[in-house]
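Both of the next two complexes hold chain A, though its partner changes from chain B to chain C.
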Partner chain A sequence: MRMMEYRGDFLFWALVSILWTGFNFFFFSLILRVSDTVAGWTADEMYLLLGTFTLLDAFTWTFFYQNMQRYTRHVFTGSLTMLLTKPISTIFLLTTSSNSFNNIFRFLIGCAAIVISLHRMEITPSISSVVLYFFALMAAALFIYAIWFMASTLSFWIEKLDNINEIIPGLRRVMQVPRGVFAGAASVLFTVLLPISLVASVPSEILLQKAETKWVVWLFVSSFLSLLLARKFFYFAIKRYSSVGN
Partner chain B sequence: MSQPVITVSNLKKHFTVYKKQPGLLGSIRSLWHREYETVAAVDDISFTINQGEIVGFIGQNGAGKTTTLKMLSGLLYPTSGSVSVLGYNPWNRKSAFQKQFSLVLGQKNQLWWDLPAIETFLLNQAIYDIPEAQFRKTLNKLVNLLDVKDSIQIQVRKLSLGQRMKCELIAALLHNPKVLFLDEPTIGLDVVMQKTLRDFISEYNREFGATVILTSHYMDDVKELCKRVIMIDHGKKIYDGLLSNIISKYARNKTLSLVFSESVTKKSLTEFGTVKNWNGSSATLLVSRKEATKIAARLLESLPVQDLNIEEAPLEAIIREVFGNKAKSA
Partner chain C sequence: MNRIAQQSNFYSKVIRFKFIKALQWRTEMILWILLDIFPFIILLFIWQSVLSLSASPSISLPELTVFYYLVILVQGFTVTHFEEYRPEEIRMGKIDFFLIKPYSFIQEIILNDIAGKLLYILMISPFLALLGYILWHLGLFAIPALTTIHVLVFVCLLLLAYILQFCLSLLITMTAFWFEEAQGLSNLKILVISLFSGTLIPFALLPEWLQKVTNAQPLKFLFAVPIRLIQEQALPTAQDWSMLFGTLAFLIGTIFLLWQRGIQKYSSAGG
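Presenting the complex of A and B:
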């Protein structure tokens, strides 16, 4: 609502987000010209993965990016003070105070890429697959939210932590490739310890009917655990809050 | 007899701050090594406040007033000590407690900058779970009292400071809190607006019996609203009692304003007290408070006094002297 008060800004960033998404698809199309597959994923499967990533990214950008920026700024400037007095979960207030709907067009592009890819591959997912796909997307979104929130919570110690909001989006490079790309230590890190590589891969695999149960379960479990941890970490950190001088 | 609403016992809050040497070298050095020191922002204070009281918190900048309010609001965890507000431990932050108090920080706002104030009011209605009928009734009353009907649908960032403060107060009072913590609510406002806000706070206290703690550097706020004040200096409570008793406790002098029927020399006045002003036909003397009546009688006998006025020293001057003396003796 606040962003739409500034129409020019809204339209400009909508355009930027569309162009960014277009460049992303273009970048992968260049790779796919050189190689038929990426870690065993065909071109259509890759576009479906990119479509899923775009959906997820549009969602996290819409609902998380501005809030995480504001979160670290609230701690630094002391404006967290006013949120802490409200009779409502502070985490909820921090998480939902701002949305950026200028990513709505990316959301539509992502949906289109998924539908077109499925059509080209002549795959009609079952209703159960579609339902599981959406739940997996939600779990993925919650996982991203949890690690982003925990990283932003470090601002209670580190004070000025603007760059954390650039590191987390930087992990998007890991999110938009198949999990099979990673090997060795990188695979352990991005699949098991910090399963960022599962967030777009697993939902896509569900639609493509090639998902492995263990990774589906691990995506849901790690989302749940990371949410719990994020909450505990916040309530531990809040005791350190010292506001700022008047 | 009113029940205590706020009870503070041996409250302490210490902050750890670091000192940095000036300049680029100092900045580089501070990446590896920092000197920390502990600042006692609130240092063992205790007091109780009964329902319906409006209590002034007076102190210099950095005395610990706002830190105390923040602990009473549950925003900061104390280093030690205990606090009870409306029977709750504030830093447990129970929503039942948070629905009964409000904190207004004059230098911070809760209104959303990009949206009209009414949007924040509607948000607060949802957060505080205020029934629609009660919300409309309270909102209309507050809007009319503060005369901001034309302002609440304009972007907050486009409002004047006075209009914003009025809307801040409305946002803070929509849920009819029983306890109000007002931290410099009139800061930066013009004299007319200050008076408007003071009248409003007084009216709110009268109508709802709300307990109010007010911090302000404007003595008019304290004089008009508070019968009782708590004075804080360097985190310690140095006075807790009636505002009127500050004068009898701390004021050392009184001011005698004299008008003469005939011209009087300055020298003839010096035996009575310190001459602050003199122009032959009138003068102002500073005399010992205890001797003021006797000195006035002697002046009337000895000099051609046409008019004589005895005044207490202004409250601001007394408080300034109190804190000034504390600083010198520190």
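Presenting the complex of A and C:
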């Protein structure tokens, strides 16, 4: 309803997000002109991966970005006190109070890219694969939510750092590529310690029927662990919070 | 002569003041620098995996590394983003102050941006030096031998690219007098520049149609021309220079026209 109040704004930003999505696909098509594969993934497999990434990105941009921005602003301005006194989970209140649906078309583009890629590769995923894919996507979204929330929670220590919420979006390039792109220490960092390269790769591998069990399990486990850690980190951080009466 | 000296003194004082003010955002600036550099490092990983599987790669990894390093360098020295927040000041009626003082809103934007850019350059330079050293240590970095002319022209192109970026940002800011989505245009600006200025991949790897489009318009001076100057020692032609200066003259003229029309239309409640 609120979105329809500003229709022009909605349509304009929707157009911008569609253009950025197209740009992203175009960029990878340029790379695929040089070689037929990226880390062993063919063009169609890459587009499926990009489709999955686009779904996740549209989702996180819709539900997380504004809330995380408000969260850090509450900490910086001291207005968090108001939320702490409410009879409801502060984390829930902080991270669910607003959203932006400008990215809905990106979501549709992501779906279309996945369907078209699967059709071109003549892959018909089984029901169990599709179900597992959606669970993996949810785990990936939760993982992004948790690490984003932890990054925002750093605002309790770092004063007036307005771009703190750009850290996780800044890692998006890692999510857009197959995990096989990273080798050596980078592989350990992005697949084990901070498994951000798994978030789009693993669900895509599930649809492509080439997922390795250990990575699927690690995606679910790391999402669960990071959620727990984010919660603990918030309650640790809140101890050093102070405000001046609002 | 005395007046010029007076004006220069005034501008240098304002820039010094703005520079000190910008220093309070140094942590934020360091984070921006890291966020600017990080995607290019990831791109190197992507290209490494692409080239390792390519039977006869048309470009080597060191060439790509130098290309992306130059993109970071040119970006750090020339890109400006004040159009992300300045339009809000016009739309919310917060520029009254500048309309009654002998210090215009445009002057404020120019001096503020110069001070911010100087600080950014000071802060990004050690990062660039360190990154260059690491890449060189890994055998991925080799700058071709350049003559003094090439270096001078490169510096000159950086300065002009900054002015071009600045004019584009100012043009978007000016549209805030009429258009509510001026801030959104900032996104479109980044998109169009990314696509048509030669930042995506080295010029030679672009499809033919995109090479033609890039060559035919002035956005190429933002990245493609300075980078090719270093990588291919390709000096801009007389035609290039006239395109660049013609574009700048056109943009500056349009900005002043929009400013004149804009302040006639401008209204605020209380300021």
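In the analysis below, the second predicted complex is superposed on the first by the 238 of 246 C-alpha atoms of A that agree within 3 Å, B and C clash if a C-alpha of one lies under 4 Å from a C-alpha of the other, contacts with A are read in each partner's own complex, and residues count from 1 in each chain.
One rule holds for everything that comes next: a residue touches a chain if its C-beta (ideal position, glycine included) is under 8 Å from a C-beta of that chain, and two chains touch if they have at least 3 such contacts.
Because the structure is predicted, anything quoted here is derived from the model rather than measured.
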Report task. See if chain A has more residues touched by chain B or by chain C, and give me that chain. Result -> C
Query raised in the report: Which holds for A:Gly78: it touches chain B only (first), chain C only (second), both, or neither?
Result: first
Query - Touching both chain C and chain B, counted on chain A across the two superposed complexes - result: none
Query raised in the report: Can you name the residues of chain A that touch chain C in the complex?
Result: 8-9, 12-13, 16, 19-20, 23, 26-27, 30-31, 33-35, 37-40, 158, 160-164, 166-167, 170-171, 173-174, 177, 180-183, 186
Query raised in the report: What does chain A use to touch chain B in their complex?
Result: 1-2, 5-6, 78-79, 81-82, 84-88, 239, 241-243, 245-246
Query raised in the report: Which positions of chain B touch chain A when the two form their complex?
Result: 15, 61-62, 66, 70, 73-77, 93, 95-99, 101-103, 105, 107-110, 112, 114-115, 119, 127-128, 155, 183-184
Query raised in the report: Contact residues on chain C for chain A in the complex?
Result: 24-25, 27-28, 31-32, 34-35, 38-39, 42-43, 45-51, 53-54, 57-59, 180-181, 184, 187-188, 191, 194-195, 200-201, 205-207
